[in-house]
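There are structures below to look over.
Heads up, the next two complexes both have subunit A, just with different partners, subunit B and then subunit C.
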Partner chain A sequence: MKRELGQQTVFFKNKPKIIGHYSIVGPKEGKGNLREYFSEIEQDDFFGQKTYEKGERVMIERALEGAVKDANLSFDDIKLFLSGDLLNQIISSSYAARKYDIPYAGVFGACSTMAESLALGACLVDGGHFETVACATSSHFSTAERQFRTPLELGSQRPPTSQWTVTGSGADIISSKGSGPIITCATFGKVADFGITDVNNMGAAMAPAAMYTLIAHFKDTKTKPEDYDLILSGDLGKLGSEILIDLMEDKGYKLGLNYKDCGQIIFKRNQNVLMGGSGCGCSATVLNSIVLKKLITGEYKRVLFMATGALLSTLSAQQGESVPGVAHAVVIEGEKNE
Partner chain B sequence: MKRELGQQTVFFKNKPKIIGHYSIVGPKEGKGNLREYFSEIEQDDFFGQKTYEKGERVMIERALEGAVKDANLSFDDIKLFLSGDLLNQIISSSYAARKYDIPYAGVFGACSTMAESLALGACLVDGGHFETVACATSSHFSTAERQFRTPLELGSQRPPTSQWTVTGSGADIISSKGSGPIITCATFGKVADFGITDVNNMGAAMAPAAMYTLIAHFKDTKTKPEDYDLILSGDLGKLGSEILIDLMEDKGYKLGLNYKDCGQIIFKRNQNVLMGGSGCGCSATVLNSIVLKKLITGEYKRVLFMATGALLSTLSAQQGESVPGVAHAVVIEGEKNE
Partner chain C sequence: MQDEVRNKKYNSYVEAKIAKTHAWPSLFNAFWVGGLICVFGQVCNDLILMWFPSISTQSAWAYTLIIIIFIAALLTGLGVFDKIGAFAGAGTIVPITGFSNSITSPALDFKNEGIIFGMCAKMFIIAGPVIVSGTVASMIVGIIYLFV
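And then the complex of A and B:
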């Protein structure tokens, strides 16, 4: 298909702001590069529950409750909860939503979910339909591994292109009132599929979607890569990031040192994560720790946050399908810019 | 939890309109009560594909293409595709989205997805973020049965409270331009769980969520059941509808003859569907056949369309969880009302 890029970006006039945020991670992530920045590190990766899946739900609950508290709000102030996750029928999000007396709309963009929920949430706040919404997502190494790959007990060897699903959840409160970094625009991505069929090479599968979204974004906003203090992709990992840099160079865009990938920065090199971190929680916890903190202090003025998702299921892989990707992006600017 | 209902309804000022719609169903649905109203009846429930799952994807593609054509538009005019379905990681929607050169945002509300996507789509059009969006969903008896219940080859006996997943897909084009029924408001539902653990009794699991959404809607809009020509629930089925009528009566609202359930009207009594139809495609194809046609001709002036979803997965059931439900609603009014 000949792809026309552009006209994918929505500009916000009414300054939807991130007035509260929270990140919670598991023990392995808590030993990684960003350990000083997370809101909470839990040492029990069951999160006090009997199963990992119930634990993942508790992560979302704690992230949401932490973000509401960070915004100095009560749950009565939250008018809509937008959330999704990797588990079948997004049960982590839906069962978390059951706990609260707020309307809930489930979303799904695989590991692009943090950006998707922020983009939709910003639209709803900007359009005046909701004063305040909450956006969240999560992933858990053990729930993802046993749902998508192999039983944990097998201890399967991991292929060299594989990534490590982050155990973590991030949540944001977006509001037209209050104070915080501003979401100034959102670029909604198209689904891209370059025919990758290796389900252990998600970075390669998602890189084309990331390229399309970045190019559409730069065209729509008439910006260049160097106009951002940070361009952050979600979980392309080491290989996927390199592919993205190459693909962008082919199209005439040079991604410089301001380009980083959450999957590459969350873990340390000696943590045996091969190509890096992945999962909805990867970009969600990086955004909701170091990135938002630096936007708030003014160290970053303008960040392009683009989360990337691989839209497969075990069944689509079993039926011989390749892996389509999607990437959504939001621009977040420090309030001090003004 | 004490539940506060109300402040869940968003009112649209800029008249987002349904300017195109389409419904496609399988052979069994094509022998049901609404056979004259569907846009397309396909006799091959593989939809020309090798697997039912690939077939379900083709259904969404045909529904989307049909709706775009019905709106007299080309795909260039569609700025965002909002879709979700019952399959793990909503692969029917995501793989369908791969075929088109338009941005895609996945949504998930189980069988409430048609209403959720219409509600979000109407917000995005009303807020001026997108001129025209497409909303769709699907379900397929054979893909749902083998994913959620038992292999088709087993021919398991069905419990008396069970429902029959509709093979069908519906799509709508919402736009600020053009002509068609107007979405005047949307009520976003809260998750409700009354402790039903029988996964063969979805109607009972979803009825409480439907009650909460209806009451919130009536409060927010200051309307009564008799103010609508039709109040349509998604797929509560015979038992779930009766529970809803009882629950509403307890709360002081009398649902009269203008209340109907898509699951109860789509099939004929002699089609051996027990409590009736279910699945995302149930409400989607009923809305996008008889209901929109009657709104267009003026036979209906004001319809309250509320789709209901059960937010479980096979794993949540295996881990002993009860089944939470959610219901979202939109009011659709004929253009001739004005």
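And then the complex of A and C:
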């Protein structure tokens, strides 16, 4: 921690744009606050498949196909597919990629995957290496619960600090051509671990990483929190975002009313989700529904989208290790700004 | 060293930040649901003894347990038990209903991974440690009993 904070931001000169986006969610999310903004709400938790894992795969496929359609492109135009998810060996993404005839690079940043893949995709497009790149991620409550926690039908009580994994997937098409909101810069985050060992308190585990990324971002871009219409964190939840506000205040940055957390806005209060939503799908579906729609209409001009991830595995947790967090951020600006 | 101090400080800060939950509503729900299950067991037991006078008291208890285990397993399969459990907490975990649920729920979850290495192997991921510690404890008590 000796290094000066900052110098973690990449600035894009060639205006990589999000020319297509799509969000798909499960039934519970479809009853939440953002129900009218999602591209698709599926009422079947299995997505027509035999297992939840296969269902999650179908969810990514539908999100990707929807985004390609939204961009008015065909799969031939997609030069690279970047995707990741929460399951071991990111099987949802890789198995979904198996269906298509396009190069695929799997990425993993736990719940930060949406911001990570957008940042990487924007770098590749901005650098002129690819004309059009697709970025996607997903999470499914039932597959995550099975892998990380307890069997679905177990009659136990959830700890008050726990969060509810969002069933949903989001996909974006980034291209140097076409029109849409522009990704202007990306801040890659460092892994931060403040020694939280409680796997049911992800918000507290990820908040320090979010703080480092935000400060690095503000220093690099010479901006302040009030320069953004919206600062959106991924899935810190109620507790995590309160901690982030405190941590930022300690460092001299005041996060005001323009700061929101995807985990807190996706569900309604009475949906029994405790601290709020979590998972890759949480930030992915919020970004690809309300946020991008408002960027396109011009209601938002400049959004700082930062997704946070907890980089643990069931093995590391059982061995008593603490939970490291990471956060990546991208700035998305409406096209109408110019 | 610096990190350790920072982590300690952060952990105690987070600890203080977590909203304290009130134990009384949970305790109350656990008490009455758990109590209700016990009353149901007693009623079962008495009815068995009344209807089948030839059955010994000990066998009647065994039949009662089988009935309760079956009902809990059935409710788990129907997807109801987890909702009752989320409400009642220890009220449904402590009676044998919790044991039944802890075996049925992973069995259901892992049926897609195959019958032998999926369902049969994963059936005991929650109940397994309970069975092991119960067996070990009874062995220790048995050895002590042998010498006392």
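Please note the rule applied: the second predicted complex is superposed on the first by the 334 of 338 C-alpha atoms of A that agree within 3 Å, B and C clash if a C-alpha of one lies under 4 Å from a C-alpha of the other, contacts with A are read in each partner's own complex, and residues count from 1 in each chain.
Rule of thumb we're sticking to: a contact is a pair of C-beta atoms (placed from the backbone, for glycine too) under 8 Å apart; a residue touches a chain by one contact, two chains touch by 3 or more.
Owing to the predicted nature of the structure, the values given are computational and were not obtained by experimental measurement.
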Thinking of the overlay built on chain A, is A:31 touched by subunit B (first), by subunit C (second), by both, or by neither?
neither
Between subunit B and subunit C, whom does A:194 touch in the aligned arrangement: first, second, both, or neither?
second
A:124 contacts which: subunit B (first), subunit C (second), both, neither?
first
Just subunit B (first), just subunit C (second), both, or neither: which does A:51 touch?
both
Just subunit B (first), just subunit C (second), both, or neither: which does A:150 touch?
second
Touching A:204 in the superposition: subunit B (first), subunit C (second), both, neither?
second
Which chain, subunit B or subunit C, ends up touching more residues of subunit A in the combined arrangement?
B
Is A:260 contacted by the first partner subunit B, the second partner subunit C, both or neither?
neither
Look at A:219 in the shared chain and tell me whether it touches subunit B only, subunit C only, both, or neither; answer first, second, both or neither.
neither
Shared contact residues on subunit A - subunit B and subunit C:
1, 50-51, 193
Over in the complex, which subunit C residues touch subunit A? Could you list them?
2-4, 6-8, 10-11, 13-14, 17-19, 21, 26, 76-77, 79, 81-86, 88-89, 92-93, 98, 101-102, 104-106, 108-110, 112, 125-126
Enumerate the contact residues on subunit B facing subunit A in the complex.
1-4, 7-8, 10, 50-51, 53-54, 76, 79-80, 84, 86-91, 94-95, 97-98, 100-110, 116, 119-120, 123-124, 126-130, 147, 188-193, 311-316, 319, 321, 324, 326, 328
Per the touch rule above, subunit A residues touching subunit C in the complex are 1, 50-51, 146, 150-158, 160-161, 193-196, 201, 204, 208, 239, 242-243, 246, 322
